[in-house]
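In what follows, structures are represented as structure tokens.
Here come two complexes built around chain A, the first alongside chain B, the second alongside chain C.
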Partner chain A sequence: MKATPSKLHERGVGQLTRRSSLRTYLDIIRASAREDSANARRLVAGVAVSVIRVGLIAAIYKVAYAHSAARTSLPYANALWSIAAYFAFILNLGIRNVFKIVDREVRTGVVEVGVIKPIDWRLYKICELLGKNGLEFLAQLIVLPIALLIFVGAPDMSHLTFLDSAAFVLLTLLAMIVASAMFLTVGLAAFWLQDAQPVYRILDKLTLVFGGAFVPIALLPHATQILVRYSPFGVYAAPTQLFNPQILPSLGPMVLAAVAWSAFLVFLCDRVWQRAMSKIEVNGG
Partner chain B sequence: MVRLLQNIRHDIRVYRLTLGMQFRAAATLRAAFVIQIVGMMLNNSALIIAWLFLFNRFGTINGWSASELVGLQGINMLVFGMVMLLSVGILDLPRHVDQGSFDSFLTRPSSLLTQLASSNVDVSTIGDFLMGLGLTIWYIAHAHANATAIILFLALMLIGSVIFWSFTVLLPNLLAFYMFDSERLSRYFGFVFLDTSMYPTGVLTGSLRTVLLTAVPGLFVGAVQVDVLRGLHWSLVLLGLIVMALWLAFSLWLFRRAVRKYESANLVGAR
Partner chain C sequence: MSSSDKAIVVSKVSKTFEFKTHKGVRGFLYPETTAVRAVDGVSFDVPRGESLAFIGPNGAGKSTTIKMLTGILQPTTGTVQVLGMRPLEQRRELAMKIGTVFGQRSQLIFNLPLTESFRLTASMYRVQRAEAAKRVEKLIGQFDLGEFVTQPVRKLSLGQRMRAEVANALIYNPEIIFLDEPTIGLDIVAKRALREVIKTVNREQGTTVFLTSHDVGDIEEVCTRTMIVNHGQIVLDAQTADLKKNYLRRKAVSVVPIAAWLDRSAPAQWAERAKIADVQPEGKDGRLLFTVDTTKNALNDFLRELLAQIPVADMTIEDTPLEDIIHELYTKDRQ
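This part shows the complex of A and B:
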């Protein structure tokens, strides 16, 4: 017996999805995190690698700040805290890796089994990823600041008010939505492309270059900064801008850009998902 | 002695034939083959651009400019490409040990390392190799290096490749013999060494530089070659030889010792 997923959706999944609550997704995150905590050695090694990386970059920047005649408005400590934020938020929380899960499941056909379950498959994959990487991310949030305090000292945060901090919390949530929608859409491209990896690699590397992996956004050329700030890559890397004292005048427009990109990318992701659903056939029996 | 030479010749022949077969198999999917190579080149370009922003902001840092960064990245890619092109199969060691397929390597009348090295290929490393070669040639021309510097540079390329092989290919993957599910952990260790060689660590001075020349000798996979092309540094070549010999001897000793810990899983299957 064959049934198209759209019909399945109408018959059962749709009703059941409505029934599934936020609690279900929290349970998925919790279950994934529990699975991840089983490998403590890997967790420790992951955090250690980040500390070594940040230490190495701190040493390079120390020489750069000491030996170069060029002056910059971004203090040394803030530059390093910004890079560390990139490592923790973008590399270790790793929302971009949702592409790999989606791509693999689409290519192996596992997605067929996923769509008949009474939960939203896309949210399920994101929650699974957040749970899997969540512990390492939390460990980094504790260890990296301690390491940075030792390596470079505390950042200058005198520019932030309570309202600005709240805006950054909102930006972080929007960054997660933008990244999820962007990389889910690329992953779903596997329904049409034989190999979606090249598309993913391009987006991933654009995030690396313009997200502030090695050079904080605040140290990019002025015109590039403006361009990046309002692009999806800039929205994804927005939490790293927390340490940029010059960002405050642009904070409002940045939030607006983040809202606009979130809405657009979620809409696009949903459209691509609907098209993808009409392409697959679930073999029953 | 004659027997030993015959064995080495046999191992090299088997290695060459197996690796050749792997490449021919990978090249059958033409489009994917080309896409992977070009994709890796784009990936590497992004890394260069990311670091170029640093030099764009700070100008020359401790004698290093954007040209040196491009030279460093080129040499690093060339070494990475060469080593991975010829021995990427060793990275599968944790999987073979965990799943028990390592048995099949032990039962064959050929060197373990050459068998492992030729058991897999990664087409994208051709992209690293080609891009690295191009950038290295550009930097040699840009640095106006003389013949002696080029000879020293070539010696250092060999030294750097052996050190890189020991630190990213062999040593991290030996963890598989001591703990289960070590693949990701091995990769982390490899990444640390790769970072020390790929970041512009040539600008560093003091004790950290000493560490990066001896204990974690990442500077020998790019930065030292750049320094040699800019001016003769006999002492660095000599130090490189000593460091390489020590780490290679240690890696091979540990490999022999680690293999003895392996217990067969009695995996039954077609080999």
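This part shows the complex of A and C:
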């Protein structure tokens, strides 16, 4: 028996219970995390590699600190905690890797399946990434502090007030927005470029250099520090500055810079996305 | 028929893609573009509850049309209305009411059990948890997914996965389901099972089915109406029963006679010796290929005569390839 049109009208959105979209995005994170947790060996290996890396860097910095004036600007333990925070936040949580997901889906045309779902495809991809990397990130947050306490001891956090801590929480959120928008935008370049990898590589290297992957920002020359601090790369790495007492006078301006970069990059990402949607035909139409 | 009875209304729709003629520096210096018209002034409507086959050869404009109907692409000219909505402008609202299955693009979570994909789809389409559980249970029974619903998607056979894809698209009870080559790569058993469930969903729930396929079986078994497109234009729009009667009139019968029969003469003479009724076969690789026009010779009579004359070791009977029919229809249309 065929359903009558009136019967059909009763279905669909009207019959469905409205729930918060936030819950849907949390479900995406959860599903993605579950999918990744199937690979427990990778998780354990990832954490082990981070501990070894921090141990090696601790040994190298110990020698460097013994022969340089760096110890006067940033305590040894704080430098190591800062680097570990960088590894966990930038490398393991790896929001920059959203580029790879977007780039792949655009080039293979999978994006067309995503855009006809009743959710924002860009947020979907970011949530997928957070779910995928979230477990390892959480594991790092537990294991790395223990390893650091053993290798270098506790950091000196006497400089931090409650308000500063709140500012860092805000900075962390803004850093995630800036990184997501920046690398999503580069990923969307795949709509126009046959190979967007070179653009990504440039941004990625800038993130590594200006984020403090090789040398903590506090150890860079003063003028460079200022330039880096207020750049989007500096904003992305700002949460790792938690252990740098010198940053406190700049905290307010850094939050403002983060807000400004977030607004600009989200706007830019949205404009690029709108233009990209009109280019979707090139990728499988 | 009032507009509310129509699931899809397409009016004079065209879609032109423009590509840069030259690439790189030359493209920058000489910014010429080449226009390709994928869909050319197409108009049609689909009543609610109908099952429509939208077929055509590669590059005919099928996928482009589906993408315009689902809100992925914007028509260059003309208007599209799906369930009373403009797909591009109301994409997310429309998404809540349509289901999509792309044969070559999975929408399931590869490393997790099917139940997880179902749960996430229900969440995306805001189906209440208790309601989702009921629907999933029903779909598991309907699509016979019970045996493997707890297995990771990566471990499923293609047939199982396609059934799961369709079930996944039905969790939120869409009013239209777009199926883009859902039986591609499936064996005959899996194809039959999938066609059966699509038919059931269309019949029992009144879900409008919009199907593209290269497989004549999908069209014959699932769809009541068939639309053939080529070069972006509708070449034929007919009831499937009429199409079958009028165009699927040729059967290709391939026969392998027993070796002793073949040995009696040279290959060049097989065809002459095997002439049955008015059908002249072609002799090839130890086979005889007959093209039987069923409007002139009843297949039953032909086979009876064939078996009486030739000792047969093996035999297959196939419909005329869809591409041949489309080609014929298109040529006729041009003339």
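Please note the rule applied: the second predicted complex is superposed on the first by the 256 of 285 C-alpha atoms of A that agree within 3 Å, B and C clash if a C-alpha of one lies under 4 Å from a C-alpha of the other, contacts with A are read in each partner's own complex, and residues count from 1 in each chain.
Following the convention adopted for this analysis, a contact is a pair of C-beta atoms (placed from the backbone, for glycine too) under 8 Å apart; a residue touches a chain by one contact, two chains touch by 3 or more.
Every value quoted in this text rests on a predicted model; they were computed, and no experiment measured them.
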{"item": "Which superposed partner A:Met157 touches (first chain B, second chain C, both, neither)", "value": "neither"}
{"item": "Contacts of A:Ile116 with chain B and chain C, given as first, second, both or neither", "value": "second"}
{"item": "Which superposed partner A:Val209 touches (first chain B, second chain C, both, neither)", "value": "first"}
{"item": "Partner chain in contact with A:Ala31 - chain B first, chain C second, else both or neither", "value": "second"}
{"item": "Touching partner for A:Leu256 - first (chain B), second (chain C), both, neither", "value": "neither"}
{"item": "Partner chain in contact with A:Ser278 - chain B first, chain C second, else both or neither", "value": "second"}
{"item": "Which of chain B and chain C A:Val169 touches, first, second, both or neither", "value": "neither"}
{"item": "Partner chain(s) touched by A:Leu149 [first = chain B, second = chain C, both, neither]", "value": "neither"}
{"item": "Set intersection of chain A contacts, chain C complex versus chain B complex", "value": "none"}
{"item": "Of chain A, residues touching chain B in the complex", "value": "39, 41-42, 45-46, 48-49, 52-53, 56-57, 59-60, 63-65, 67-70, 72, 194-195, 197-198, 201-202, 205-206, 208-209, 213-215, 219-221"}
{"item": "Contacting residues of chain B [partner chain A, same complex]", "value": "32, 35, 39, 42-43, 46-47, 49-51, 53-54, 56-62, 179, 181, 184-185, 188-189, 191-192, 195-196, 199-201, 203-205, 208"}
{"item": "Chain A residues touching chain C - in the complex, by the definition given at the top", "value": "1-5, 7-9, 11-13, 15-19, 23-24, 27-28, 31, 34-35, 38, 109-110, 112-113, 115-119, 278, 280-282, 284-285"}
{"item": "Interface residues, chain C side, partner chain A - complex", "value": "4-5, 15, 17, 19, 38, 48-49, 63-64, 67, 70-74, 91-93, 95-98, 100, 102, 105, 107, 109-112, 116, 119-120, 123-128, 131, 152, 172-175, 203-206"}
